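Everything below concerns the one structure shown next.
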């Protein structure tokens, strides 16, 4: 939490390198307010507990009305905030930007999860490392809250052998073998492939997870069939990624896949609209 | 530039708190590569020059093929990068995330600018402070590159009196008067209003800019008419904001307004898809 | 406030990279003290509220006796501090250095403001960007507290076209036109000139503020006359700067100018002497 | 040097949280300039070598014309700078603020040293810990360059027992004894006293340095006499401090003292005026 | 690498908050030296390539004589450094402290690996999270260089259910089930147990790795036997940890275990002695 | 303390770049625990008060059972901690790593001090600058707590002329003379020598402390004899360093030396084993 707080202070500083000219001019130090964060559209809220902790650290009282993963309708209050008016007003925008962004991601993830669950009770919807620089902690938290899978948090928590690695090493099997030898026992090996033969080579060489990248549902189906024929299907997890949209995700979900991942969940996320309304002005 | 570089190092660190397990295992230190950043959809590229400077600081050679504000079609090369394979691979994702995000914003801004220009050659499309925390520098740069107006960069560069301020101060005119007295001569005063009478009060009290917030085009038209009747229209700039979408922006652009601003340009931006392809593997 | 606190921690660290050898050796952890910050000369105090907030964050109790902008006479108590003796003693010097510096600036500004007000009730005394690196927040706050105008807080909050810019662009009018076109609608344009014809060119091109730099009062008077003849005087604010001292400031104040700015207010400021006296030693 | 560079980047960032609006608008990326830093009054330059190293790190070419400790007359060139116009213009103010401040300190120190040397070839002029927060490295360097003595760099490099410590411990001799026992063998003990008897107690208890604080020259003379009578004079160094001005410093210098220290050298320093002039505009 | 460099700058700053008093006084700016880092005892060198990169960034020329993982005998040169004498001398200690620490770790790891390999060609020697705060990057690199396994790099790269977690959750199997449900597919689950029945419960619940903590070799042998009986041995990796010393490690290595981990490799490491010798003094 | 806290946050962040995967999955936010830090071997505890302050800042209740410098036997409780289970579990390792490291150093120092005191009541056991990068504050504190002497805290608090400096300057006496002239009066001069004649030269030139480096006890004895013959012994402190082990330290302690310093106290320290045991699980 402390680290999240420090990062939030950096965000405030970005928006306020000197002081809030407007608030400093118009609002005297001895004014307190009661304010509410209000949803302006329907969706899932996320990172509200992180934000509440931050606000408390800044000396504000917070009452969470709808917590992480809760569903709000337009007009619902998400949290109530009471405290120094200058503090509230000068962090309003930063706080909303963060909450709206995270809630937007969680809302999208939940919608995708609900969709795929209709046809496949086991498949997971995962995010990728296509996150907005500096915001990965918050975005991955939002993915979890929405019911998704974080996937790798960073380059330092698993092996994922991609096309560019294979271009350098020469072939898939060799890459997997080297990785197995050099990696820690604690880390998994995933391999990105674009066809069945590489999938087979990767699985045979000992990869734990196969990612089918940018393949059509039919191509994926056939590749899985090839793995199954060779008794390899159950030795690996199967992820599909690349070109998966809200429209076609159901076609992938119907396959025998374990994970469906989408970079746009985080990199092209749509914010969930919220606003901060002052409910009452209190003299201190 | 140095500060941008430091921020980029923070972004790399977020993605790589220890080391890139995959690349460290598979790619030896003495491999160099030639790689290309390739557009995977059509759009405007942005922040490519900032990114190129960063890459050079990291010891890579960069040739910019399409510079800031240039238009790319799917498959076009944006820049070529030559240098140490480990460096290239371990920053690939961070670099793409940033470029794709900024280019997405610039592409959106340019599309909006082109749209409004068809009916109003003078109106500006502006961003707001609804930016993703930690990314304001890059997002505002992208807005400029797309042909938009940055609006306030932070709380410290102009006065913008909003509904919450007015709730505390009591009335619009009083708020403007206090702000005029306390602010530096170098800073402007903008006031957010939701009706004609507040707009008149603000203009009469000496506001430099009036922002009509969450009003329909017809409401805005009538409010401007009221200002004009009182000889106030030319003493202020007029901004419209709130609820403006790609669909209705043209309706606002047809009015006698100076600025149209949209928070979603930055807060719900859609990334422009790009990838990094290794073209050639070179031993050092 | 949080950011100010972080910066203050950096200041403490500068003075105390390991520990306070003297206090650690002589003062045991369980001693509390009551201490007073005492003015050792007459003047205006500044940043006392910022410092008090910081001290409270460090676990000390603080009673402000004379707040920001209050006047103290030699021997007056500015604030009383109660708490852990080690904390008090190890931050004493840093706290005093900051308070003395800010109070010195505010005292100077107030004296200048009082002086110019005798002959011109409207003119403002402004600081410049000639501030001590790392201390701008505090110095600009002190200027405000003294009754002065902060002027630009940074390079990112207004356009100020100076001689070196004009040398590159070629001429004043062109520079103003380019700036008007490229800048955000929210930012003002000021132009530094050294003669009447450039002032006229700048005003005609649409500058909002004209700064007469390093000109004698008589030269300024004549330049303003030229602007007035052309109906330009009331379309701009007029600032004078450069070579203005406590001795000659009155000569500039008598002119029809809006702002008088002096770099030495912050860059050659004289500290207001204060000391910290332990009043009572308390066992915990 | 690296650390100095990092600190300078912080200073640039303070002045430029987003970008230099003026330079970005008016000066295109492909312009180079040749510029000179010119003294606008006579004095000693300081920290010019630190600043030159920083500028080189920022990609500029620098020719130092007058190095640290060199004397300039009004109009003399201190250094010549060639490179990217945007870089030069956006750091101009920060660079000048630092150079002017340090050179002002060095100029003052040199003047004081010259003055005291006329009557006492052995006495040192020292600064104190009354430095501007965040600038101690630069200010202490400037003191050295001016021919002064830095005194303690921080609370962590020597023991200095002051009035507030003695109030807590109870008496001078006891404080010195405790400090001797607890401190490292590598650190000295200095004691601040305001009368002869405390000076005697401190010296007898083993203090290495006695500081006479806020005493008149005559009081100091008599106190030293008392030390000499007891054979203690040559076992300690003697520092005088407090209330020493340019006017009365000579009276202290005539005494048998080793060090004269003045807080105002750094805390109320007067900057040495300089400016940056563009000499030539070069297309890249 | 950039991040490693930044961290090294922090280390230099810790040792040098102002300047190197000795070097600044004795060594003029225009002296260059050629120096050698010399081993003062036999062992494996580690992090020499990281250190070399850092030195190059500081403007020094470096020739690596013995690279990472190379074996040196007392008196052997590890690397040669040429460049500015002040730079070399002021970073000498920091550089040696880091190299000696890392090389000490690598030397220990290699010795343990060689020992266990005599009886078990497959077992890995692993470090733990018992690393010195702030040094994990370097210590884990040294472990790799010595031929060991890094184990978890942080709390964010795998699940490791320990006694304290189980106390809270209630029982092993439940803990494993919850973790399986909540964790990402990309992360492994390891469980720390102290007896066979918990090992069985963990394995049956789907743990990937079982760690036998603080058990005698005989206890471990019997527990593995129990796993084997139930057909669980090959579904998990087996780690032993706790109380393993240089003396008894061979007894554990003889068992059917996959990983032997020791916290003291990093937390009680013995440095490999090295020194820096100036070989030649060169005027610039 | 604040700075120590900030550094501890960095340590936590190193171990937890995103979140503690295990604790986040298994332990819900509303669980509190009571836990104890228990010694697993006999020794002296150190930095327990610094750690307790940090834990309190993180919202935990702490009861120190054995404070800094207290002696614990295997099984003794060092401190009790009550509070949020997630917080406790996610900082457990970092906190233990720091405490175990510092306590190990203090334990070693105390043992050495006790040993030398048997033969020499006056000699001090000192650490050196051979500390682990980033941990100097904690390690030097541990040395003090163990009864040792910190020696220099950094390069900025005393002059220590070493072999490499003398190689550059040319001879010992010259080096001492230059240092005396250039250094502040507040800093001491120590000189490292390897024979009697250099010791004599250094002492005659005015060094305050002579360090005999890498000499046998007999060589040191003779060198001191030479100093004594010339009446120089009592004008300097004498330190011995280099090659001093637990086995031979007593041979040095029997000599007429003032300080015995050992780099391995900090650079090859053995941690004092401790663990954290959850005593009670409490619902909030």
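Observations
In order of appearance the chains are A, B, C, D, E and F, and numbering begins at 1 in each one.
Note that contacts are C-beta pairs under 8 Å (C-beta built on N, C-alpha and C of every residue); 3 or more make two chains touch, one makes a residue touch a chain.
Model, not experiment: these values are computed from the prediction.
Mostly differing positions are employed by chain A and chain C in their mutual contact, as under half of the interface residue numbers are shared between these two copies.
For the interfaces B-D and B-C, the C-beta contact count is higher for B-C. Here the CA centre of chain C is 22 Å from the CA centre of chain D. With centres set at the average Cα position, the gap from chain B to chain F is 52 Å.
Centre-to-centre, using mean CA coordinates, chain C is 44 Å away from chain F. Taken residue by residue, chain A touches two or more other chains at 14, 16-19, 136, 153-154, 156-158, 187, whereas all remaining positions touch fewer. The touching residues of chain C, when paired with chain D in their complex, are 7-8, 10-11, 14-27, 31, 33, 35, 85, 89-90, 92-94, 96-98, 100-101, 104, 129-136, 154-162, 164-165, 167-169, 175, 178-179, 182-183, 187, 264, 267-271, 276-278, 281. Partner chain E is touched in their complex by these residues of chain D: 1-3, 6, 49, 136-137, 140-141, 153-154, 156.
In the complex of the two chains, the chain D residues touching chain F come out as 124, 126, 149-154, 156-158, 184-188, 190, 209, 237, 239, 258-259. The touching residues of chain B, counted against chain E in their complex, run 9, 12-13, 16-19, 29, 58, 87.
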